[in-house]
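Chain lettering (A, B, C and D) follows the sequence in which the chains are written, and residue indices restart at 1 in each chain.
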Amino acid sequence: MDELEIDAVAEADLEEPVLIEGLPGVGHVGKLAVDHLLEETEGEATLVRRLYSREFPPQVTIDDGVSQLTCCELHAVSTPDARDALVLTGDHQAQSNAGHYLLTSAVLDIAESFGATECYALGGVPTGELIDEYAVVGAVSDPSLKPPIEDAGVEFRENEPAGGIVGVSGLLLGLGERRGFDATCLMGETSGYLVDPRSARAVLEVLETVLEYDLEYDSLDERAEEMEDVINKIQEMETQQSMDVPADEDLRYIG
Amino acid sequence: MDELEIDAVAEADLEEPVLIEGLPGVGHVGKLAVDHLLEETEGEATLVRRLYSREFPPQVTIDDGVSQLTCCELHAVSTPDARDALVLTGDHQAQSNAGHYLLTSAVLDIAESFGATECYALGGVPTGELIDEYAVVGAVSDPSLKPPIEDAGVEFRENEPAGGIVGVSGLLLGLGERRGFDATCLMGETSGYLVDPRSARAVLEVLETVLEYDLEYDSLDERAEEMEDVINKIQEMETQQSMDVPADEDLRYIG
Amino acid sequence: MDELEIDAVAEADLEEPVLIEGLPGVGHVGKLAVDHLLEETEGEATLVRRLYSREFPPQVTIDDGVSQLTCCELHAVSTPDARDALVLTGDHQAQSNAGHYLLTSAVLDIAESFGATECYALGGVPTGELIDEYAVVGAVSDPSLKPPIEDAGVEFRENEPAGGIVGVSGLLLGLGERRGFDATCLMGETSGYLVDPRSARAVLEVLETVLEYDLEYDSLDERAEEMEDVINKIQEMETQQSMDVPADEDLRYIG
Amino acid sequence: MDELEIDAVAEADLEEPVLIEGLPGVGHVGKLAVDHLLEETEGEATLVRRLYSREFPPQVTIDDGVSQLTCCELHAVSTPDARDALVLTGDHQAQSNAGHYLLTSAVLDIAESFGATECYALGGVPTGELIDEYAVVGAVSDPSLKPPIEDAGVEFRENEPAGGIVGVSGLLLGLGERRGFDATCLMGETSGYLVDPRSARAVLEVLETVLEYDLEYDSLDERAEEMEDVINKIQEMETQQSMDVPADEDLRYIG
């Protein structure tokens, strides 16, 4: 096993594709968004590359008793009306600093070989509290990239995210810029405590505007409602518990 | 010292051997199983390879004052009635992600050089509670491998093990598949708290059926009984202690 | 992305320059000092090299929505009256042992290519308590370097710093000496709890004497006063809190 | 800076030298022993090699204001009556698994180049309690090495040290054996809580017998007495404190 092994599963002829990344991260926003995009473009998406690496956890996932070695995958998406895309998804980030650099470089190499010069890194930005209105915060590799993204409703904030952007999303901006890519990161606000399909939808709606996709959100909304049912049940339980505990006043009558 | 050093201790002529792995892990199930298999086939087993690596702990074990450098070993087992086998055992797993990939690749290289195209990774799956009936859970690199294993009593469960399979056992499935191996993982249910010879026996009984071994279990059962004596003593001590602590009711008569 | 990538942003013709390093560390003393030096020599400083490395955190910083890949920078400073200098600054140290060696070696390579044979590593030495008089402690790669530094007010102490000097500052002495550099480390005393502009000024005043710079300190003093306001507010709050808690004696009159 | 850099400081003509290692470890026994040996043979010892490595901490020690890059050193010791020796000392072990393998291999390479085929690794074995009689426990790379060591009073115990031997001492046995060295580890019993010059003396006395050295122990005994003074003071303080706390009985007369 080399440091990195790339399986060419299929080829695809893409016209000026954009690279779209959604690996696991805050609120799983990026991964939810990208997985939904692949689901909605199923008939038009082709798995083209698998990347295996010593930098991933030494692990297989098991689905119905059958193993799959940890990897990340690139899908070519070609739809009649929207921009062609190369979509990166996977279950794991690299496990070391050097691994992040290695994998991001490899992904940019592949994207270049498919003719891409633009990329969108999708993710979440944690706010620490539950959210009603899902804003999308942006970051770009070059100031000239801001206007079209701002037109799509994305906010650029002076000091956000305060800690910068870490992992593959950050490096797609940083290494991407060094190789001449126009790189944009779209971060849906999310509490940071829960998997957040609503935040993923907010991010996808920006992408829809920018790349002219036309997506349905039924399945993503369903997952959001399931999550909200879970949250409601937890909140009910907490309310119930606080009712079960007698207040100070009640205690007078007990003793 | 290179990243990896392989000592060819002896050669052996094996016919379509299967690779069987049992390195330390949950409940030491895999290691107990493989060590018992080697004990029971002692006259027919030959140590053929030792693998040393910088990825192992920088450590020697001391047995009666004599040192042995950390390594893992491959034994060729050739018995008249059962399938030939190449059995991997050792006291340590690799200590880094990259190390797991490196060592598993090296083991598969050696297995290939002996003509193996099948492998069985043995291990335990933790249940979190003491066990009466030891089920064996399976995972395979390809769905076509399920039927014979199911016939031997192995269960395939939809979402188990939930966290996937980590370490050499996992990579034998994942890297094995990429190199054309038919790879199976047999995981004995075990509490996860104790070394578990009963679980190792359950796993070996499956292997016996599949590979036509004919094993005795006296020594393994003895170890299991020793473990059960230890557990009983701990439980007695706990019962005794709770008897020594006066209950609330008793306290009325003291004060 | 290689282990290390060096961007030659510009060239500069320097005469016997000294390398001056100020990466983040105790009290951010070194970084504050070097950033202030670059601010004060702004018209005479040129960014000449950027160093990117897998050993840095896989991260971009975001400034007003625009990303910048983690790197460290070398600025050529050429002023009429002072010694020419090559000034190293950055937001991060390397993240591994080997990374510190790699980056320090690379910086020394570049410094050599600009004709440098002397270097000054700037930093802080923690005292564990708030400081009134800011002493500067020195360490040198060779005893012959002590006298001029002592003349500038630097103290050499028998057993300080007790734990040695770690990171790039330490290696500039250690690796620098191995390559024939005259290397000096100037460490401003600092509590170790806070960013400390006063300590940075003390270090810079030594450098001013040694290299004949003529610096203003208005902006650094301003930052120091801001820090002191913060400290005062914290101390007031603590005093207020202890006044709000009635002492034992007071309690007699309440109840 | 390469992974490893070896400075040939001087050459020495040794006759069948033994390699003696004493790097920091349990109770600093090995390092104390080797440093004492070098002190006692001062006129007859020559520093021959310094080893620098990325695997050491990125650090300089400071002695009276002058820096020294972390390294380990080999001294050639040639005395009229005792066996010639190559003595390894240093302030640090490697900081990673691979680093231990790398440095031990390098040391064995150098030892071979000086004609050595035997080595003695010196260290401590922790007992967890203060010690009156300092036994020395042995481990050897080959059973044939036991008799002469046993004659010198070293004990070989069935299951000790239980956890094996870790670090350079362990690898000198393990890697040494693989390269044809006769390797012995001498471990002085020590509490494991304190720097232990008495244990170092016990180890050196074995070495004296085996290699025919004739050492004085004044300075080592002095350090031992200093340590014992410290221990006595701590014990006195503890006794005093327990006397200051009134026992239950005393309390009757107070209230």
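Rule of thumb we're sticking to: a residue touches a chain if its C-beta (ideal position, glycine included) is under 8 Å from a C-beta of that chain, and two chains touch if they have at least 3 such contacts.
Everything numeric in this text was worked out from a predicted model, so none of it was measured.
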| item | value |
| --- | --- |
| Other chains in touch with both chain B and chain D | none |
| Same or different contact residues where chain D meets its copy chain C, judged by the half mark | different |
| Longest centre-to-centre distance from chain B, chain (CA-based) | C |
| Separation of mean Cα positions, chain C and chain B [Å, integer] | 53 |
| Inter-centroid spacing, chain C versus chain A (mean Cα positions, whole Å) | 38 |
| Interchain pairs in contact, sorted by label | A-B, A-C, B-D, C-D |
| Residue ranges of chain C touching chain D (in the complex, touch as defined) | 97-98, 100-102, 104-105, 138-143, 146, 156-158, 160-161, 164-168, 170-171, 173-175, 177-178, 183, 185 |
| Chain D contact footprint on chain B (complex, rising order) | 1, 5, 52, 54-62, 64-70, 95-96 |
